[in-house]
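Worksheet for the structure shown next.
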Amino acid sequence: MIAVLKPGASQEQIKNLIAWLEDRGLKVNLSEGEFYTILGLIGDVSKIDTELLEGLEMVDSVKRISEPFKRANRKFHPDNSIVEVGGGIAIGSGFQIIAGPCSVESPEQILEIAKSVKASGATILRGGTFKPRTSPYDFQGMQADGLPLLLEAKKQTGMPIITEIMNVVHLPLFENVDIIQVGARNMQNFELLKELGMIKTPVLLKRGLANTLQELLMSAEYIMAGGNSNVILCERGIRTFETYTRNTLDLSAVPVLRELSHLPVIVDPSHASGIARLVEPMAMAAAAAGANGLMIEVHNDPPNALCDGAQSLTPEQFAALTEKVRRVYEVANK
Amino acid sequence: MIAVLKPGASQEQIKNLIAWLEDRGLKVNLSEGEFYTILGLIGDVSKIDTELLEGLEMVDSVKRISEPFKRANRKFHPDNSIVEVGGGIAIGSGFQIIAGPCSVESPEQILEIAKSVKASGATILRGGTFKPRTSPYDFQGMQADGLPLLLEAKKQTGMPIITEIMNVVHLPLFENVDIIQVGARNMQNFELLKELGMIKTPVLLKRGLANTLQELLMSAEYIMAGGNSNVILCERGIRTFETYTRNTLDLSAVPVLRELSHLPVIVDPSHASGIARLVEPMAMAAAAAGANGLMIEVHNDPPNALCDGAQSLTPEQFAALTEKVRRVYEVANK
Amino acid sequence: MIAVLKPGASQEQIKNLIAWLEDRGLKVNLSEGEFYTILGLIGDVSKIDTELLEGLEMVDSVKRISEPFKRANRKFHPDNSIVEVGGGIAIGSGFQIIAGPCSVESPEQILEIAKSVKASGATILRGGTFKPRTSPYDFQGMQADGLPLLLEAKKQTGMPIITEIMNVVHLPLFENVDIIQVGARNMQNFELLKELGMIKTPVLLKRGLANTLQELLMSAEYIMAGGNSNVILCERGIRTFETYTRNTLDLSAVPVLRELSHLPVIVDPSHASGIARLVEPMAMAAAAAGANGLMIEVHNDPPNALCDGAQSLTPEQFAALTEKVRRVYEVANK
Amino acid sequence: MIAVLKPGASQEQIKNLIAWLEDRGLKVNLSEGEFYTILGLIGDVSKIDTELLEGLEMVDSVKRISEPFKRANRKFHPDNSIVEVGGGIAIGSGFQIIAGPCSVESPEQILEIAKSVKASGATILRGGTFKPRTSPYDFQGMQADGLPLLLEAKKQTGMPIITEIMNVVHLPLFENVDIIQVGARNMQNFELLKELGMIKTPVLLKRGLANTLQELLMSAEYIMAGGNSNVILCERGIRTFETYTRNTLDLSAVPVLRELSHLPVIVDPSHASGIARLVEPMAMAAAAAGANGLMIEVHNDPPNALCDGAQSLTPEQFAALTEKVRRVYEVANK
């Protein structure tokens, strides 16, 4: 860590600051420039609160040299992490495709879609029962009633299941869920992250709408610091000024996260754009960029259904996509 | 609500869609243009899920005409809401100044600051005990241990207190807190909002880092829909590309929120910029723009303190500010 | 176009507005809802200034239904446009790779790189001579002196060349340039665009750092409205809050632009991230997403060179990339 | 300037880099940490291209300590700059209000508005003749024909005038213009800035939609480096995700620019929000934040005019505003 002091800092102030830093077990390397004085802090700087240091009158700026995350850091864990999610499926090994409806609606619906996506090559089943909705007047999902339906589909198809948690008090309901999803809006719900750190169930952590990649890794660190290292990162689009797509899928997140961290990275092209016909090109782009898998919304399509989500693929579209996307993955990543 | 249909929509499709909409109790006004057909939906459209409608093959786009929020809407509540917060203080009436330290650190610290800011004209005391920190390794606040200290300062000074909640299970601890703060990172923690809707304690709801003003009002609506209408909105800066300030304070939020809603609006200039010397000019700007009050971080400043937050004012700076800011408020809002 | 009127609009006002719109040759379809009155405007609405209409006291909002761009619009030109750029190369047909150094530095440098990238499969040579730099004290390129060097490299290799223009008065210097590049900072330099509309040389138009896809197409429309339909669109990253990469490459721009417009779309992964090791994964992602080609920075690398741009590939890295990226393109787009 | 080297940098590489830096006249201070080696560069670092240095294989990151702008820097020019603009008016002294229509439309219109805003306390007249419009089909202003109308209004009222330039070749037409405006879209049209550096006419430089405050100051530096130190900075809103207002007015820009630079700072609340009823609160907020003046759109309002821009004030609204805003300025800045 480097602290740049302001031109006017007195010798007395500098001496006091160095003493304070040394009290915290750091070695301090003083370097006096023409205009500025620079302190190089050597040792375990993870205990230093950067913002507090920057707040000091005499400090111009502070620069971290090492990343503030450790357990998620590839530097201390060079090999890729592989997260076993049940049913013999592992994320981080090969290319996994998670598919299913936005919401669980009925026993028939979830089972039909589960069978269909399995036949098309999906390896994990998704389905929301607790749904975060911007409006309190919109459908909030089947809530606790949806979980048994999802578990029944798991039983009948043998697919591991993933579903979203929104409240720490619901945790007991998720006992037989294979992957617990933390949605974008809860990426910095630190109390929830801490609880998820105390169990062993794999957690798929979605990037928040306006969160940097470093913040995503710090949230993964919250879970890992508690003892649960089964964390899967998920890029799902960030908020920008562009209005044509709902969000802007940041695919450079894939190689950057793979470089900074050993955790697997999944891409959700359905939520990013909010437009079904963009799912295929963006899914292929994600595979080419080196993602470890995809999460895609698929909905069965009875002729008269009016509730076909803007971003969901039909089973037929999904089947066509999986084949293509696997070929792209192989060509790009061999 | 208006639904614009795609050029290729067949008469059969249009007929089916109209029937479906009429089943939901809406009157449908059909208007056929040269290239497009437009449906005007009249009646209670709050039950229509805009995204679902937009997802239909035949639909080009959907436009809400009336806002999706009701209880927070000034149209249905033309008079300003005034939120009584205890100790004879009401937010929405006059200009209220909330002040105190970022974190409660000790009985002496919080009491000393409380007395000092009260003497300078603050009417409500702030102090964090549960602190949302990006890193799991940073100080997380005194947690539950901090609340009695804050309550003691309330008792001794008579000031109502505000502090942040991060977890629904902590709610019983907040029984004697006068205003419960929902932080920016939890603005869309809908499960928390629902719980806060079931009590009567005033809630100060901070705008999320990347949330629109409409989303802020929808989150207020979550609380109000549950029966708690004591909601105070708070602008505290949004995330942009600018890096000089930590966030960009969006002061146009003040007149816009005051126009769209009857709820009081508070501005937090300390968190927005993260820089103490910007607090005064931005506090005055907020007062000039018509805010109902401010929330400002103040920290006592023993000579050798190293933990003077980058954004905190000293009691002296705070005293100078309150006087100036009240004069600006009077000149601008009379 | 739809104009939604405010609840309080009087019959007199509505009558006057309709008369005014009809004077402009439009047919007006009146639809009165419970709370709102809606005008559907039918006919040539391109002459209506949306902002002016929205500015009227009685108007709540205005919604364009048809896109404001015509010549760039796929609706009126369903087939893909193919831009012939000389040397038998056409952008929009197959997958074209533009490569070369950020700046032309010397006759030897540009020629050596030209030969090298040609051998590796590049079909067009890039090289900047007028360089837009944030600081007036940074190297501004060889300016007019660099163009003859680039033209000599074209002569010796037979490759068409592309270079950036920054000033309308330089246009005569670009006579033998095959593609004129308009940089991100000049995307809305409308005076420059108008001049480029009056020649026939192909123009590669880069998306501005904070410009929407519709604004990019409107800038293409400026060039095309003047008579030059040889426009190539280029996505090169947008400005967001993320700081790890210099910009955020918005790859959904590729399928969206291909859908809205018939113009070819090129991706520049070098400028987007500013990091050489991200160029390969993002180049493959761009190819998978359906781009018509790439623009990549390549620099020769004498052992002791200190000026190896952070985002430039070595000729060896480039050679490895071209092979891989072409295979991805074929698998994804057949 | 500090360069942090990567852990793997060899002694040979470090030696070569230091030699190269010393060749450029810098003194290099080597500081070896546990994991990283840090070079402190002392001397005139303005000649070092940060990006090139960061691009070196062995370099992890580079941090500028001193700002890259000099002539605009308050450190080297502690006193406020005052820009004389003719007619005895000086920007940077007192509080100046620039007012007038978005576009010059006719001799009567501009003259009427000029007289009206002068009577209400405006000191400088604005009026656009070359108008940057997103669409080539929108009204582009009266172009060269509008300038004589503006000059005539200047003659009759004695007010100095400001109008926007969009093309370097138009410069001779601006001979008698008192302040030349560079619009947001041309903030990084470096060729235009260089030309404006070679004259003495004051330049009002608007911040680009997605430009940082440092980039704004670097663009001011382009003008000043050429010899023209009569630069006025203007904040007019930045592009964010918020859609209610057209742009987000970043008022913290005012105190930040005033701190970093000695140049005067003007705020344009009309363009920022695009909504007339937000102009007054934001104008007062700008005055309270310490701006040196305002630029406001005012349009005369014949009863049946349909072209009343969404963001223009009527002369009556403007008169009410000027009085209030001057009082706020006095209270906040004395």
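The letters A, B, C and D name the chains in turn, as written, and every chain counts its residues from 1.
Following the convention adopted for this analysis, contacts are C-beta pairs under 8 Å (C-beta built on N, C-alpha and C of every residue); 3 or more make two chains touch, one makes a residue touch a chain.
Note that the structure is predicted; figures quoted are calculated from it, not measured.
Peer 1: What are the chains that chain C and chain D both touch?
Peer 2: Looking at chain D and chain C together, the chains touching each of them are A, B.
Peer 1: Which chain is most remote from chain D in terms of Cα centres?
Peer 2: Looking at centroid distances, A is the chain farthest away.
Peer 1: In whole angstrom, how far does the Cα centroid of chain B sit from the Cα centroid of chain C?
Peer 2: Whole-Å distance between the two chain centres: 39.
Peer 1: Measuring centre to centre with CA averages, how many angstrom lie between chain B and chain D?
Peer 2: A distance of 31 Å separates the two centres.
Peer 1: Starting from the mean Cα coordinates of chain A and chain B, work out the distance between those two points in Å.
Peer 2: 26
Peer 1: Where in chain A do residues touch two or more of the other chains?
Peer 2: Residues 210, 239-241, 243.
Peer 1: Okay, in this complex, where on chain A does chain C touch?
Peer 2: These residues of chain A touch chain C: 210, 212-214, 238, 240-245, 248-252, 254-256, 259, 272-273, 277-278, 281-282, 284-290, 324, 327-328, 331-332.
Peer 1: Which residues, counting only chain A, touch chain D once they are in their complex?
Peer 2: My answer: residues 2, 4, 29, 31, 33-36, 38, 40, 42-43, 60-61, 63, 65-66, 210, 239-241, 243.
Peer 1: For chain A, which residues count as touching chain B in their complex?
Peer 2: Against chain B, the touching part of chain A is residues 16-17, 20, 46-47, 49, 51-52, 54-57, 68-69, 132-139, 166-169, 185-186, 188-191, 194, 208-210, 215, 218, 221-222, 225, 239, 274, 276, 304, 306-312.
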